[in-house]
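Shared between the two complexes below is subunit A, which pairs with subunit B and subunit C, respectively.
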Partner chain A sequence: MASTTFAAPPRPRPRRLDRSRLAGLALVAPSLLYLTVFVFIPVVKAITTSFTVRDRDNAGNYSYRVGTDNYRAIFETETLRDNVIFTVLIAVISVAIVFALAYSIALALRFGKGPAVRFLSRIYVIPLFIPSVIASYAMITFLANHGFVDGLLQRVGFPDESFPRIVFDWKGIVITQVWLSLPFMTVLLSSVLLEISDTLVESARDVGASSWQIFRHIVLPLSAPGALIGITFMFLGVVGGFTVPYLLGPNAPQMLGVSMVYYMTNYFEPYVASTQAVVIFLLSLVAAIYYVRQQFKREVR
Partner chain B sequence: MAEVELRGVSKYYKEVAAVSDVSLRIPDREFVALLGPSGCGKTTTLRMLAGFIRPDTGQILIDGKDVTDLPPERRPTAMVFQSYALWPHMTVGENISFGLKLRKVPAAQIAERARAMLDVVRLPGVEHRFPSQLSGGQQQRVALARALVLGPKILLLDEPLSNLDAKLRVRMRDEIRRIQQELQITTVYVTHDQEEALTMADRIAVMNRGVIQQLGDANDIYDRPATSFVADFIGQSNFFRGTLRRANGVTWAHIGDERVAVEPVDGAPDGAHVTVSTRPEVVEVVRAPEPGAFALDDPRLVNFGAYQRLAGRHPTLGPIEARVPKSFRLDARPVYVKLTRARAFAEPEAEMRD
Partner chain C sequence: MAAGARALPGVSLTWAIDDPRMRRLILRLFVAGLAVFIGIPLLTLVLWSFAGEWFWPNVIPTQWTIRWYEQVFENPRVVNAMVLSFTIAPVVTVLTALIAIPAGYAFARLNVPFRRVLLLLFLIPNAFPRIGLYVSLAVLYYQINLIDTYWGVVFLHMIGTLVYMTWITTATFRSIDPHLEEAARDAGASPLRAFWSVVFPLALPGIIVASLFSFLASLDEAQGTLIVGTPHFITMPVLMYTLISSFERPVAAVFSVLLSLPSLVLLVAAQRYLRSEYVAAGLGRV
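Our next item is the complex of A and B:
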């Protein structure tokens, strides 16, 4: 064996704030400032407001104190509590429907062939380019009682009043949210499915797996992390949504975003509004924590 | 185990034949390598055997049973992919036992068989690791175990070593051959690496342009190439163009106003245009003129470590190379070469070296 001499390891350079570090700080500063002004401060302010209780004495004078009354109100007052439940339900139902539809389309785009698939791959993105206000108004004229669809059905012989109430009802919110979120979820799931290489599917077929078994044991688990991220984002979008429930939702119960605005501007109850905002924030936080954990797991892999 | 047969199998993509009328019979326990450059149809042939591609014409038989229309999941074949194709969300143990689980084998037996198979590929005790925690060579062993655990009749390997580094490739080569011998399994191995094919396979099918150019063992292919393509693709050869002439029981290739004795050629008339090839290691080098020896102009030596290569030019024949020992020295004396064991191929010139 030939002998080798090793050079002494280089001495570590002393750390100091050099030019490149300053440049790094300068690059981070604007976004940090933005986050502070538009995210951190409002969040802190909303939380403090939500713990502020306004009392009114008999003479009509206001007094303020710190307390959890607003939170008790949210979970004990029937209308307010219903709003929370309604928000969560709408989010869960919309996400479930979008996920089922988007996953089917993404599967067809990934594994299907032929002109139908090519056609589908071109049109499914269209809603992505239509603003939610426009979509909501379109849904109103389209699905309202005595609207376009109802009129069409009556013309072919359905009796008047047989068309279900969709607009200004929970169904209106769900249908419009589904319509709006479908392309994004499909894009996301398609890219997740594209990441699964053909050989992983082929090797499963080779050991004897049927299409269903490949889906169940290979495609679904491999796409789960990406799919759950999509679900998280859509859940966030629906929970914090305003335009669609404002234009298409019922008067009661209301989704939290709508209710918040009413309490803030119509009822002059910024304390209840802030509390509702914090509830939305907490619901989002659950989703966000989940997202971060998924990302972390991915990196560990 | 089993015998495989391809009968007149073709596969076209648009108008182009990826595989053209290939017939091949592989007896039980034989290790056959499909060897050729990229795009020669070797992988398409293998994927037709596995069932991933349906041939446009012809039949595929396993043990005499027509499997042409069977999908891969219903064929008694197992494939090892170039990229290993291990499922990243499953542990090594789960990867290997997946096929057994689908077949509803009892759990205790599954674990036992998976463990036994990891022993066969000499990778015991990694059941609970994920594929990403293994090296490339280890992953390839797991892929092999996953394919073999189902007890397939035919083992198909698609360039299984091309993602490994050179040293490991040589080791895995011996491993795969050892496992094949141990399990006595009929094996089809696709590769573009002639060394792999020559060292591992019982027989080699050299493919080009969707056609099997030659089928034979390492000696047939190397010493008696059937076409100029085989002579060129396997090892190295000197090539000349000439015309065939027979005289006094000797077959000659006339090249310009020179002539070279060649091995007898069947089925080509006198006057046929031929491609003549001879390997550098059978070219004899002499330092004095003698009959049949060609003077080499401008000789140079290239050192290959284990041997040297002598390269030069003959005014009529063109460039000629010969393998010479390391003790060989160039000096003032002239250099002559004798082209022994030359072979002549009567074939359209377009066939040659592409």
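Our next item is the complex of A and C:
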């Protein structure tokens, strides 16, 4: 309420209020216009495009009709169906590993002390500042067959060709995703853990609770809602990722992000690409709804 | 950041182990393992960028050189990509700031009608997987002739930066005492004047952090730019895709070092402004 004064009662003065509402709307309008043109319309467009079927007759002319053929293609073509399953699996595995690691780091930062913890607080943020293309490339040189780690193992006497295939395989995608997402998840969990009051933990200790009991009955339940925001946000990120699976993933199965871009730019099939985009939206719908609801609660408060 | 300044008696990462020496050992091993996992891959890239001769399985190069750096700066493709990246990022940042700061102010201070619905709409871009949005946007771009154009790339970059900057500025304006602005108004200042001379200077640190991150996000955006910007608008990270797949290893390594520098400089420069909620608000480049 920018225009109220100290002494003024907050409620009456309808004219001022109307002007402030109008001003509010005017200030939000440009952003809203932008989001409409570049986010909402494309999403609606993707949905309508996914129900558009392009047929080609014997003379080579195209005709268009409305139908669900694109969706049937995705679920009946084995490679496309495998891509969907692969995408979900990779996302679930990456999120689980990042969550376990980030929770350990956040607990150490919140409750630990000493030089090791101070060092930890400095290093864990680094990947946040490295572009994902660079991180992917670093992981390739690091983990590839005949890469850095392979060479190191060779030097200490492991037999040649004994290094497993990590790059251009699902393992490469997971490891790089973990590397990239670790700081974000840790920052989020740290801020959640900071909201747990010291008094609460100390009083539990005073009545004789063990560290495990404190963790199990106080820290874990109190951090769960915030943690779920991090989990859903990261799930959305991995499912909608392109760079990491494109550079480190196998040729088949592909993650949906990669396959979608190929259909779009290499095969010039916007119909199949849009359908995959809608499938990606649906796959992440539960996560998306949860994310929006929780984030909303925090912002509106 | 959240560094364990306020340690609690007896509760630590290794709560399950009784012996304190054992506990310290495990914590140190964990930290060391993490340092190796995070640091060594980046170090390998730096080594590659200076490698004159590096035959596998040597652990470090056998000859050192800076010729790859010279080669990179003589390569017109690379120079063009740098120029393009640094002409796109400021434009993205300024345009985003122009529309996000008013929206952030309105959400924090004014009585915006349909406030809840609008806030919900502003969360949508984060709730859809990015690559799906970009492909949908590319389909639209083909129809309105924005594909492979400068403005097409700029507008795509703004999807991420707009949401981020709106949240940060909303939080920043909300943290400023409204009485200050009211006092200025009582003293006879116009609403605009009160904003410029009282609220804006106080909000500046938050706005600067948000702008810096927008700049970096635009500089690092690769996947969307690849889809809507090829073949004529190749920014630095998009060129990286080509360099990696063409196996020019030392050149790609040099380029990686150069591309990471702006972010790392910022990390060092801005560390004390990096409040964790800023980062958590949406920087997550997952």
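Simple rule for what comes next: the second predicted complex is superposed on the first by the 273 of 301 C-alpha atoms of A that agree within 3 Å, B and C clash if a C-alpha of one lies under 4 Å from a C-alpha of the other, contacts with A are read in each partner's own complex, and residues count from 1 in each chain.
In this section, a residue touches a chain if its C-beta (ideal position, glycine included) is under 8 Å from a C-beta of that chain, and two chains touch if they have at least 3 such contacts.
Predicted model only: the values in this text are computed from it and were never measured.
Contacts of A:239 after superposition: subunit C is touched, whereas subunit B is not reached.
Looking at the shared chain after the overlay, A:208 reaches subunit B, while subunit C stays out of its contact range. Once the two complexes are overlaid on the shared chain, A:217 sits against subunit B while remaining clear of subunit C. Put subunit B and subunit C next to each other and count what each touches on subunit A; the higher total goes to C.
Of the two partner chains, neither subunit B nor subunit C is touched by A:64.
Using the contact criterion defined above for the overlaid structures, shared-chain residue A:197 touches subunit B, although it does not reach subunit C. Of the residues of subunit A, those at positions 202, 205 touch subunit B in one of the two structures and subunit C in the other. Residues of subunit B touching subunit A in their complex: 50, 52, 71-74, 77-79, 81, 83, 85-89, 98-99, 102-103, 130, 132, 146-147, 150. Across the interface of their complex, subunit B is touched by residues 197, 199-200, 202-210, 213, 217-218, 221-222, 301 of subunit A. Here subunit C touches subunit A in the complex through residues 1-4, 6-13, 15-16, 24, 27-28, 30-31, 34-35, 37-42, 44-45, 48, 56-59, 98-100, 102-103, 105-107, 109-113, 116, 118-133, 135-140, 142, 155-156, 158-159, 162, 166-167, 170, 178-179, 181-182, 185-186, 191, 194, 216, 219-220, 222-223, 226-227, 230, 237, 240-241, 244-245, 249, 252-253, 256, 259-260, 263-264, 266-267, 276-277, 279-280, 283-286, going by the rule given at the top.
Contacts from subunit A toward subunit C in the complex involve residues 1-6, 17, 20-21, 23-25, 27-28, 30-32, 34-35, 38-43, 45-46, 49, 101, 104-114, 116-121, 123-143, 146, 148, 150-152, 154-155, 177, 179-184, 187-188, 190-191, 193-194, 198, 201-202, 205, 211-212, 214-215, 233-234, 236-243, 246-247, 256-257, 260-261, 264-265, 270, 273-274, 276-278, 280-281, 284, 288-289, 291-292, 295-296, 299-300.
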